[in-house]
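Two complexes come next, and they have one chain in common, subunit A, joined by subunit B in the first and subunit C in the second.
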Partner chain A sequence: MRYLLRRTFHAVFLLFGVSLLTFLFSSLTPGNYFDEMRLNPQIAPETVAALRAQYQLDRPLPVRYVHWLNAVAHGELGFSFAYNSPVGPLLWVRARNTLLLTVTATLLAWMLALPLGVWSASRLGRAPDRVLSGATATLLVIPDLVLALGLLIFAVRTGWFPTGGLVSVGFESFSPLHKLRDLALHMTLPVITLVLSALPTLVRHVRASVAEVLEAPFLKAALGHGLPHRKLLYSYALRAAANPLISLFGFSIGTLLSGSLLIEVVMSWPGLGPLLLEAILARDLYVVVGAVLLSMLFLVAGNLVADALLYWADPRIRTTASAK
Partner chain B sequence: MTRPRKPTRWLIVLVVLHCVVAGAGFFAPYDPVAQDRERTYLPPMHIHMVDTHGHFHLRPFFYPLRLREGSFDQYQEDASAPSPLHFFTRGASYRLLGFVPSHLHLFGATDARICLLGSDAYGRDQLSRILYGGQVSLLAGLLGAGITLFLGALIGLAAGYYSGWRDELLMRTAELFLALPWLYLLFALRAFLPLSVSPLEAFLLVVVVIGMVGWARPARLVRGVVLSVKERDFVRAARGFGASDFYLLRRHILPETGSVLLTQAAILVPQFVLAEMTLSFLGLGVPEPMSSWGNLLATLQQYSVLVSYWWMYLPALAIVPFFLGYLGLASALQERAGAYNLNEKKSWNQT
Partner chain C sequence: MQPLLRVENLVKHYAAGRSAGSGEKLAALDGVSLSIPPQGTLALVGESGSGKSTLALCIACLEHPSSGSIWFEGVDVAALDENKRRNVRPQIQLVFQDPASSLNPRWTALEIVSEPFSVQRRFTNQERAEKSYALLERVGLPRKMAHRRATELSGGQKQRLAIARTLALEPKLIILDEALSALDCSVQAQISNLLLELQASLGLTYLFITHDFAMAAHLADQIAVMDRGRIVESGPTNEILSSPNHEATRSLIAATPPYTETSGMRVNL
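Then we have the complex of A and B:
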């Protein structure tokens, strides 16, 4: 248990560091949200100064940081200037949309990658493996921006999929089944992009680690004992090869909130990505810090989950960890 | 697993690709900012060898496009006025590599404009803009990678050589940078720099921002190398002879990090080209009228362009051969170094 405690401590330290760093970065920004107001002759300079004072933008950086930390400790993430509302609920809605997208994509990617990778590893060097390696190499050299734009053009030209947004106009009046179909259609393109951009890495990792394990004597022995091939691959080889894959899975969980930023912007999916971009352009400080912190939380949590899974799955880690 | 491939083959591919972009003035038929407002959004033109009567011509030719009756953006080939294609012809003046003045172009036409990849909203030739845009994007990637590797090497050397609290501090900071999502970091850094600046300043800003983002991974790798090298006999011997820290670092330790830095360069350059594309695509990078692979794609954010003018997507494909070359080079170098890790690229990308 000490092992997990140490990892948790490390994670908390990381979160602190990141919050400080983002705060620092955002505060180095010349100008703030109220600068544009100052150009407006209808708004008195006193009003702008009062607003600045109200949001404490006139205070020195350390004071603001401590103030913000205090607010976070009370469960508040600050206040958005642009939306004129607390950051928490704002982020929550967007994060939900992002998660809808990324959880689906991550599950799909793993469900595809595991059988493909195992299959490829079991036929190492033969035709199916070659074809699959070629396919993953091709996907690897197509950047996600290029992929996303290409799919958008495809969608527009065929008219099969909507090209942006979460749902169609008039979603509220649809029947439940219709609602589901509408949502699925809107999700298709971004999910395909995310799956295709994650797939080559996953397949290659699965293939490499399973191929390594397949060389092991105990599997040759199991084969010699006449165990069925499928059982051999999926319940023996895959379990032995799980270690690096668990770490990778933790990483997948960690990037649930941050991995789809660009795709969301390109496909105009109302997730965290567009919100963050807007907030940066508008100098909406607390939204930026909040969004970054939220996705960092996921990254850290993903690592922790991976550590816990490793602890559970690998007796070697348990023994070395408790020995320390 | 896969057959080991020679890095040289990939290197040749890359050199050829870069030469094409570096010699954009020669390979592009037109000036990238030359407009033709009479004919906007021309679709890609076809080169013919056989005319409408079925006669074969040795010199390739094309039919100029003219507006279809009653339409404002639909073009059709004008078969009555075939225009021959000339090779090694005189055209718009340019400076090769920025200083050699020249008029020579690989191909061109005298009677009408030939836009092999179509033209944009101002009637500017897409092929020329892609080639010139490549100069901006690739230069940003290369310079960015240069800055990153310089920073990474410096920090890695310092951390590895002077262990103790300095090492601890630098590596904890590196961890923070590794943990922050890559795009966030790019945005955040870009955000605290001014938004509206001249194209050249914007370009330099982009280079600096990109260069500041990725130093953590090379720094960690360099540190690892330094940690093992500084205990090697020849380094200890040199130290025993009274060599200074600086001399040791420069003469004995830095050369040992060469292969790590080279591999990192092959991984970083395409990443950074993509970073420039992303920034410019989102309007945070290189502005018009300068072209870059990213800002050429920015028009695709308009729905009407997406619907009607598919060839505006073509600049996106320009990066793919470069990605292939660099990825091939990187994995060949890694195989040579014995570090079989093809997945570095993607995992870094997503972090």
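Then we have the complex of A and C:
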């Protein structure tokens, strides 16, 4: 248990550090939300100064940070200048949409990568393995953006999939089944893009890890005890190869999340991505900090899940961790 | 007496070069023939790379030979399909050179010894545990070791554990592929004595693969010398030792230290 506690403590510490850095960097960038107002001759400088004072932008940085931390402790993430509303509710809706994409894509990518990688490793160097390796190498060199644009062109030409948004107009009046179908159709393109962008890395890692343990004499010994080949691959070998793959799982959540932010912008998915981009361009400070912090929270949570899985999967980690 | 194992003209090619099917073949085994009577021990001696381990994997039904036959108890196991080979495998067990990598590092000694039972779905959990404890005791591992992980055991203890695991399925033939080579001299002597004792009490047949002539002489009544995928010389142990004919045999004998007092194996070469 101490292993997991220590990991959680690290995670909280990390989140704290990230919030400080994000706050610092976005405050150090020249200009703020009210600078454009100052250029407008119809608005009196006194009004701008009053607004600045109202949002405490005239206070020194440490004071603002402590003030913000205090607000976070009370469950508030600050105030958006552009939306003229608290950041919290604004972020939650967007975060839910981003999570919908990321979680679906992560699960799908792993569900495909595990059997493909094991299958490839068991046929190492033979024709099917070489075809698959060629395919993953090709996918690897295609940038996410090109993938997304290609799929968008495909959607426009065929008209099979909507080219943006979360749901169709009139979603509220649909029957539950129709709602589900509509949402699934809208999710298809972004999810496919994300899965295709993550898949080559995952397949290659699964293939390499499994191929490595397949050489291990203890697996040969198990085969010698009469273990069926299929069970050797999917049970024994996969479990023996699990450690690097579980760490990769945590990492893959991070890549899929940052990939998602970009894909959301390109495919107009109302997630954190477009919100963050607009907020950065408008210097909407608290939205930027909130969105970055929230993404970081997902990433850290994903890695904590990976740590917990590792703890559960490998008795050696349990014993060394409890011995300390 | 009918031999337990008779290998006839066994050939194993590996594709040479990067791509398979390029036509170039490398012969790891080039027409190997040998036989072992029930409860006998044949030592297969050769340099590393002479094809000994490939032969071991073929006999254990873990590799498919390119041609030739392997008669085990009157059945040509090389000609069987995968399903039938799977049923033969438990009867021919392998002990590997490196005890560390032949034991699953995540498991305890008890889990490792009872693994063959669970693969074969034999016995209830209760019976498996009892039999596993008995096996550990049989190879001289004290009961308190049962719950240690393989990584926490010494080299000699690991090899004892590996031997206990091979005994679980009551095999007829045990292939010891350089099983003593990674161990210290004194531990080698202990394990080889354990092997002799097990053979006497359980009626086991050994194929003992080594590059060490002194070890071969200690354990085996027959010796076959292997060089570049072929058996170049074979016969009773003392004959081979007293009058080696082939150059490979002579160089292997010359490479063996005359005798080691500590190991308890005195061989006059």
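As a convention for this text, the second predicted complex is superposed on the first by the 315 of 324 C-alpha atoms of A that agree within 3 Å, B and C clash if a C-alpha of one lies under 4 Å from a C-alpha of the other, contacts with A are read in each partner's own complex, and residues count from 1 in each chain.
One rule holds for everything that comes next: contacts are C-beta pairs under 8 Å (C-beta built on N, C-alpha and C of every residue); 3 or more make two chains touch, one makes a residue touch a chain.
What you are looking at is a predicted structure, and each value in this text was computed from that prediction instead of being measured.
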item: Residue contacts on subunit A - larger count, subunit B or subunit C; value: B
item: Which superposed partner A:126 touches (first subunit B, second subunit C, both, neither); value: second
item: First, second, both or neither for A:75, with subunit B first and subunit C second; value: neither
item: Subunit B versus subunit C as contact partner of A:217, first or second or both or neither; value: second
item: Which of subunit B and subunit C A:204 touches, first, second, both or neither; value: first
item: Partner chain(s) touched by A:60 [first = subunit B, second = subunit C, both, neither]; value: neither
item: Contacts of A:143 with subunit B and subunit C, given as first, second, both or neither; value: first
item: Partner chain in contact with A:45 - subunit B first, subunit C second, else both or neither; value: neither
item: First (subunit B), second (subunit C), both or neither touched by A:315; value: second
item: Complex contact set, residues of subunit B against subunit A; value: 1-2, 172, 175-176, 179-181, 183-184, 187-192, 194-195, 274, 277-278, 281-282, 297, 300, 303, 306-307, 310, 313, 316-317, 319-320, 323-324, 327, 340, 342-343, 345-347, 350-351
item: Interface residues, subunit C side, partner subunit A - complex; value: 20, 57, 60-62, 82, 86-87, 89-90, 92-94, 96, 98, 101-107, 115-116, 119-120, 149, 151, 162, 165, 168-169
item: Touch list for subunit A against partner subunit B, complex; value: 14, 17-18, 21-22, 25-26, 28-30, 124, 133, 140-143, 145-146, 149-150, 152-153, 156-157, 163, 198, 200-201, 204-205, 208, 211, 251, 255, 258-259, 261-262, 265, 276-277, 280-281, 283, 288, 292, 295-296, 299-300
item: Residues of subunit A defined as touching subunit C within the complex; value: 125-126, 216-218, 220-229, 239-240, 314-316, 319
